[in-house]
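The structure follows.
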Amino acid sequence: MPLRDTTPLMTASQLESFLDEVFPQLHLGGRTYFVEEVGPMSARMRCDYHEKHLRPGGTISGPTMMALADVALYAAILGQIGPVALAVTTSLNFNFLRKPGPTALIGDAKLLKLGKRLAVGEVALFSQGESEMVAHATGTYSIPAER
Amino acid sequence: MPLRDTTPLMTASQLESFLDEVFPQLHLGGRTYFVEEVGPMSARMRCDYHEKHLRPGGTISGPTMMALADVALYAAILGQIGPVALAVTTSLNFNFLRKPGPTALIGDAKLLKLGKRLAVGEVALFSQGESEMVAHATGTYSIPAER
Amino acid sequence: MPLRDTTPLMTASQLESFLDEVFPQLHLGGRTYFVEEVGPMSARMRCDYHEKHLRPGGTISGPTMMALADVALYAAILGQIGPVALAVTTSLNFNFLRKPGPTALIGDAKLLKLGKRLAVGEVALFSQGESEMVAHATGTYSIPAER
Amino acid sequence: MPLRDTTPLMTASQLESFLDEVFPQLHLGGRTYFVEEVGPMSARMRCDYHEKHLRPGGTISGPTMMALADVALYAAILGQIGPVALAVTTSLNFNFLRKPGPTALIGDAKLLKLGKRLAVGEVALFSQGESEMVAHATGTYSIPAER
């Protein structure tokens, strides 16, 4: 079958502006989430280091990682379907592998399926500059019919 | 076999003080997470309504729900093993069922297993005063050997 | 709001016949899966002991438990929407808690949400006659539009 | 830090013999599961087409895919730690993406973490010769202390 065109419909900068509107609470206490890249069926986001993300012991908190994974998958989907549709997270699964140190986190999201009604993707989370994954997530998103 | 005694080792108030130390970032922008009850293999926590938890459209954000589920399971474990041990979240799974309105959220955590090395539990999330679950989570926690 | 009527549309016996058609491979090597009860938003299934389910050490295998959980959730959904629709499993999450001994397994499935397009449920698995859960599962199912 | 040596301790053939002992029920009704490759932190397994794996409609059943994913992760772990240890599956998460046709299935397992007590990995499932993933799984395994 001819493959669907997966060229992103939005640039990283357009995505970032759109996410600012739909996830404003990400920026509570200071802007730290940024869209680094958007590609075919993929997006890379970064969460800068900020003491609001720290847990005692100097590691980045679980909720910070979970928010980054969710928003990175969301960005990858919006990159494909554009800003008009309102995708809704229906499930998320996380495996926490290593404690991330006090530095920026990278979330590499990749869509495994983009159907008419359901998108599924996975996210690898890394501390910036490190090669060992700190957490892995998969998520499913419901895509509204009326687009 | 004789059942293990599951009487909690900590009161709700003791748990809350301990959580303040290990999850201080929960209180960023205003204290909203509270321990309502701790029981045998269980804990109930509440996240009060605050605009920092809101998404556009007037629903409570996913990361707010995820943080509540994680901390409620953590509280149920600490209630059983006491404040000395440092349990670590190893995996979390979420199903988001309904959009919670702009009101307090309740997280009812119940441990399904409390082994020497691994604890597993589930959490039902509700909007306060409502009977329909808004989200369901399961989590696994690694318990350190040296206690 | 007025609650939806959740009286099952199929009896346990009708469900069992229908499952025989759509999951015939469950019965490979001898019939062991049975529908015990179907209720409002729920179903209970049983997997009888058979040596084909055994792992060395005398415990029931993981795939046996996974198949029971999946089919029990499926039965709970069909009980609500009837045998015409073909629901499709979109995700399953399992926590394995204790090793089940060489006896029948019970799967208690409960729907947490039954939407127009998506159903979500959880299953508690027990060894027959025991009170401690051996495994817990959650699952999401896509429900076809044309019904 | 110096990286741990991840050269497998077992060949594909040794692994297959060991799996025959610990998962004999996989071969009920005819041998279909084979170890194709074992590598550093990875293993590839194949499940040959057999009518016992079919669902009506001509697709491969969910339990067949789940068994393949579980055993492929198990093989990847044994490749690293050798046949003496008895790892136990503690959790599995599946996303079902596309219906696999009536052909062999490939399971590519990759370990994300191999700790002293816990191993975590992911598996991509494909129909043989196809490039689109039919299912994705993640799993966690408890590794016994006494090795």
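First chain written, first letter: the chains are A, B, C and D, and each begins at residue 1.
Definition applied: a residue touches a chain if its C-beta (ideal position, glycine included) is under 8 Å from a C-beta of that chain, and two chains touch if they have at least 3 such contacts.
All of these numbers come straight from a predicted model, not from anything done at the bench.
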- Note on the structure: Counting C-beta pairs in contact for B-D and for A-D, the higher total belongs to A-D
- Query: Taking all residue numbers at the chain B to chain C contact, is the shared part over half or under half, that is, same or different?
  - Reply: same
- The distance between the C-alpha centres of chain C and chain D, rounded to whole Å, is 24
- Per the C-alpha means, the centres of chain A and chain D lie apart by a whole-Å value of 28
- Task: Provide the C-alpha centroid distance between chain B and chain D, rounded to the nearest whole angstrom.
- Result: 33
- Note on the structure: chain D touches at least 2 other chains through residues 90-91, 93, 95, 120, 140
- Task: Name, in rising order, each residue of chain B that touches chain A in their complex.
- Result: 21-26, 28-29, 52-56, 61-64, 66-67, 70, 88-96, 99
- Note on the structure: The residues of chain C that touch chain B in their complex are 93, 95, 97-98, 112-113, 120, 122, 133, 136, 138, 140
- Item | Parts of chain B lying in touch with chain D, wherever the complex brings them together | 90-91, 93, 117-118, 120, 140, 142
